[in-house]
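Structures follow.
Two complexes come next, and they have one chain in common, subunit A, joined by subunit B in the first and subunit C in the second.
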Partner chain A sequence: MSRPLFALVVAETRIALRSPLLWLLTLLTVTGRTVSTWHEMPNWSVEGVDTATSALVIGAGAMLAANLAILRDRRADALELTDPLPVRAQTRTLAVLVAYPLVAMAYAAVAMGMQIAGLLINSRPVGHFDVRELPAGVLPVALMAVLGAAVGRWIPHLFAAPVCILLFFWTLVQFPQSWLLPMVPYPKLAIDPVRPPAWHLLYAAALTLTVGTAALLRHGSRHPGLVLPGAGSAAAVAVALTLTLNSPAAAAAARTEDLRQSTRSVTAGADHCETLQTTRYCAFPSYAGWIPLWRDAVGPVVAAVPTAFRHRLPGITQRAGTGTFDPTVTSRNILTTMSWGRNGAERDSRRALAAQMAAAATGFPRGTQRGAGPSGCDARGRARTVVALWLIGQTEEPLPATSTRSSVRTDSGKPTERVVPASDLGAVDYGPAELAYARRLLAQSGARERIRANWTALTAPATTLDEALPLLNLNRSAASETPKGTPCE
Partner chain B sequence: MRVICRPGVLVPPLIRAIDWVPVSAAAVVSLGLALVTTPGSTVEPANAMVTLRMAGVLLGAAAGFALVDAAAVTTAVAPVPRWLRQWIRTLLVAGAAAAAWAGTLLLLTARLADGTEMQTPGLVTEAAVSLLIGLACTAVAVRQRPERIAAVIGAAALLIIAMSTLPYVEEVWPYPGSPRWGEIHRAWLSVLPAPLLTLAFAHRDVAR
Partner chain C sequence: MNTSVEVRELGKRYGSKVVIEGLDLELGKGVIGLLGPNGAGKTTLLRCLATALTPDSGRMEILGLDPMRRSQRTELRKLIGYLPQNPGLYPHFTAAAMVDYIARLKEVTDRRIRKDEVQRVLAEVDLTEAADTRVRKLSGGMRQRLGIAQALIGDPKFLILDEPTVGLDPEQRMRFRTLASRLGQGRTVLLSTHQTEDIAALCDRVIVFSKGKVVFDGTAPELADAASGRVWASGRQPAAAQVFWRTADGRYRVVGERPPDGTPVAPTVEDGYLQFLGTGARAGA
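What follows is the complex of A and B.
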């Protein structure tokens, strides 16, 4: 590198490092991603790609920053000042082309590192972390910086870079699964999708070199030292693209069906099954690491059920977000989703899963079953409600029942509001009295033996709370409210 | 010295003074994107919304260029108050940007797939807020640096604000048919006074 070029690169690097477009967007990206994923347990197959995709925000800042660096030449009287200097426009362009992509890549790498560190806090990640996603995140940032410089040379208008940024993101959103894009984001609603092969990285790198050469060609197309690298990198782009699109991975990706139009079962593919302490857990293969978490949530509930009745308890199967429900699976299994809480939110996940098992153990309709129809059912004044809430309390503190409101069109066509009870047990309503008795049972020693001894009576649908109080050795403290809806069967 | 306040006389010179190139470029790009959205077939509301939202942000970024007055130092001593000149510029460019966005909306509605509908009132709110925030960012920047670079700073500020909503994309830019559509757009409407107040504050005379 010649001395003026080296000096220019150092100067541009210093300016780029201080540019608010880069450090502010890095800060925003890291903060935004960390906050939005704070309460979710990570799946590396997804989070690796999402972390790489979030670097595009830094790329947008790099595009604008490099563009402004190039347009510095055209400010006020800058053209008159720089024309007679011995350092030509090409050298200044090359300095920007070296400095800005390097600084942007450094910021992107730091941002990705911090996001990954944030994801590791209090987490039990599942899935497979593909190391290829790290350069796949960093290379498009360099490409965007180089693109900003090229746009600055060929279309020297201040508004050209914002238009370019918008077109870039529009293309990314409208054609999300095209491997022609330098970065392929994680498709929504997919489980273990096929990712582009390593040729795609070569394609992105060759594209960066081609665009950089195009930026340099603006002021010196007669220079022979540029034509050869330019032609070479363009050829590399074509070769890498052909290899990517014709790779076995591309054929596999084309065969993957779109889950949104899926007619397959929601639990299809949940093949990794383990039986732990009489309960059978089935998960998607990449999520198998969460089975211990499910066991910790559901185990205390199962342990509280008398041994003779445990064989009737359902298993736990993981479900995808979309698809059809297979009755043979849903009748014998509790369906759990592809997410789990973290940093405080795991208590909600544990309580929800424990509640579904408690509802199944005490005979309540659970999950997708609605018991007394679409309006839910009311479990006030029944003994098994208190037992179900006590079972939930083995894992996490039970919470009061709430309700959900939805707008429904009646037969007359007028929209009315329908209020459906919602609690951890499903569309089952209960009052504060049942909750209070359950809490007293949890605090009482010897409650477990009494419940075990009278299990059949306590979980019969017809047993009222008043009949159960002597069996549980509880004094009548609060009268339970009259049922507001149809009683649960 | 009486402050001259005859807005009608000011409009033709300001039309000539405004740099219409960025807004025209944004309009051409928006209309072009409306034509190119899922080319060769009808458009689904989800894809149309992406184009409309991005067109709104682009037009908001472009509109700021109209607030830059190259002769700001000279016109500061003119008897016409700065707020009048700046507000006329704002209204002129907002009208042009609104027309361009409306053209994009009409184009996409014409290309919409059968049996689907565009939730226009919510989208209009989003576009109006994007435009006003873009104008407000540039108005504040132009107060500090009355040069064209202020418009780029304003555009960058708008893009940064738009990007900071990306981690919460479901809550800020709901998909068509989302059950939270009404609630989210009432929140958008409640944001509307903020850029208007910022504009009112930024368009005042610059203290010397």
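What follows is the complex of A and C.
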């Protein structure tokens, strides 16, 4: 690197480092990703790719910043000032081509590092962290910076870079699984997809060099020192792409069925199974690390159920985001999703899973979350409601029931408002009396033994709360309300 | 004359419009003023000399180097300081950063030397205190001085200033004259201006340029003398064919043929300049 070029690279690097655009977008990326993932337990197989993909936001900033640097003279009407200076425009372009990708990559690396640090807080990560995802995230950022400079030289108008950014992201959204992209995002709702091989990194790097050479060629130079590396990088693009698309990984990816296909069972592939304390847990392979979390949520509930009845309890099986429900699986299993809470939200995850087990143990319809489940019913005044809430309380404190309102259309097509109960038992409604008795039971010593001893009577749908109070050694402290909706069967 | 710049048969046209044709010029050390009406080709000549524009014909030798040759052009550019008519300065740069950036483009690569140079040229134009002010916040006159400052980087042997005093207040113009006069000692300073007072005050030599050709080449007193016996004060408005203007005392100053009631007046550089431009410079009608 010549001394004038080095001096310019230093100047452009300083300018780029102070670019408010890069600062702002880096901050936005880190904050946005940290906030959006704060309550979600990370799976490195997903988060590694998503973290790399998020760096493209910084790439967009780098593209704009590099473009503005190239167009600096034109914007300030300074060509007359700078053209007759010893350092030629080609050298200035080269300085931008060196400085902005370097700075943008540094920003992207810092942003990715901060995101990963954020993901590690109070977390039990699962999945496989592939170190290749880091350069896979950083290289496209460099490419975007170089692209911004090239666009500035070939189409010297301010609108060109924003249009280029829109096209870039449009392509990313339209062809998210194409390995022709410099950055391959994580396929939405997919589980453990096959990722591009290392050749893809070479492809992205060679593409960056080729675009950079194209920017320099705009100055009309046909110097062998420029043309030969340019031709070499173009050839490297072709070779790396061919190797990528013909790699064993590509063949494996082609064989992998996309889980977005609606014909596939939601639990297909959840074949990493472990049986712990009579309960069988099945997870997708990369999520196997969460089985202890599920066990911690469900185990206390199962332990509270009399031993003789435990064999009737369902297992826990992980489900994908989309697909069909296989009755043979869903009837025998509680389905848990691809997410698990952290930083306070883990209590909701634990309560939801414990509640499903409690509902299954007491014969209530199972709802995966508050307000969800088979059509709502009212369980006020029933003994098993108190038992179910007490079972939930073995893991997390049960919460009052509320309701959700949703707009539905009647058979005649008229919109009407539907009120659905929302409780720890899904769409099962209960009142403050049931919750109060459950809390008293939780605080009472010997409650477990009494419930176990009277399990059949207490969990029978017909047993009323008044009938159960003597069995539970509870005084009548609050009158239970009469059911307001359809009584639960 | 110790010739710094030699121009022979220089020609430049924009499309079918001939701007400079067959120009011969030799410039030595000192401050040389270039006068001429708008569109005379002054800026085109300055741009050719600054190597911002390639002439269509003729040859130039500047400081012993041929700007037509690429290898010599780069070397020459290090020796030239150029203030364009509209020096586009990056609005979001500070004054110091702007000059520093231009210094890098002038291949002042040593960090310490560059830093000293930036401080020096800013001090030359009295902008030291505004070094950290962004260009967009500078007044028009300060920007003009910043433009002059960047031209001074590297202590150029040939300084080309296109209308350097535009936007400067009287005090700054005085400062500029002092600076230009000092710079003219030991180097060539070519400045284009419409301010004949500046020419009279600081130029060792004046070139009047019209329609792409040199119509006068001499000293300021010689330019004034060229109008000797052709400058009059008159109480009546002269014929439209005359060059004249109304003065503050209500009389008319006429350059050219004696009006019927005309009384002779001592000529100035401006009179000489108008004398050469003839009725094309008529301003009083």
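Quick notes on this structure:
In this text, the second predicted complex is superposed on the first by the 474 of 489 C-alpha atoms of A that agree within 3 Å, B and C clash if a C-alpha of one lies under 4 Å from a C-alpha of the other, contacts with A are read in each partner's own complex, and residues count from 1 in each chain.
Just so it is clear, a residue touches a chain if its C-beta (ideal position, glycine included) is under 8 Å from a C-beta of that chain, and two chains touch if they have at least 3 such contacts.
Owing to the predicted nature of the structure, the values given are computational and were not obtained by experimental measurement.
Once the complexes are laid over each other on subunit A, subunit B and subunit C both fit without any clash. When the two structures are aligned on the shared chain, A:Ala303 is found in touch with neither subunit B nor subunit C. Of the two partner chains placed around the shared chain by superposition, subunit C is the only one that A:Asp73 touches, whereas subunit B remains out of contact. In the superposed model, subunit B and subunit C sit 40 degrees apart as seen from the Cα centre of subunit A, a figure rounded to the nearest 10. Shared-chain residue A:Pro86: touches subunit C; no touch with subunit B. Applying the stated contact rule after C-alpha superposition, one finds that A:Arg3 touches subunit C and leaves subunit B untouched. Contacts of A:Leu24 after superposition: subunit B is touched, whereas subunit C is not reached.
In the superposition on chain A, A:Ala11 makes contact with subunit C only, not with subunit B. Closest approach of subunit B to subunit C, taken over C-alpha atoms in the A-based superposition, is 7 Å. Subunit B makes touch with subunit A in their complex at residues 21-22, 25-26, 29, 33, 37-38, 47, 50-51, 54, 57-58, 61-62, 65, 148-149, 151-152, 155-156, 159-160, 163-164, 166-168. Those residues of subunit A that touch subunit B in the complex are listed here as 21, 24-25, 28, 32-33, 35-36, 54, 57, 60-61, 64, 68, 75, 157-159, 162-163, 165-167, 169-170, 173-174. Per the touch definition, subunit A reaches subunit C in the complex via residues 3-4, 6-8, 11, 72-73, 76-88, 92. Contact residues of subunit C toward subunit A in the complex are 47, 50-52, 74-75, 77-78, 80, 82, 84-91, 100-102, 104-109, 111, 114, 147, 150.
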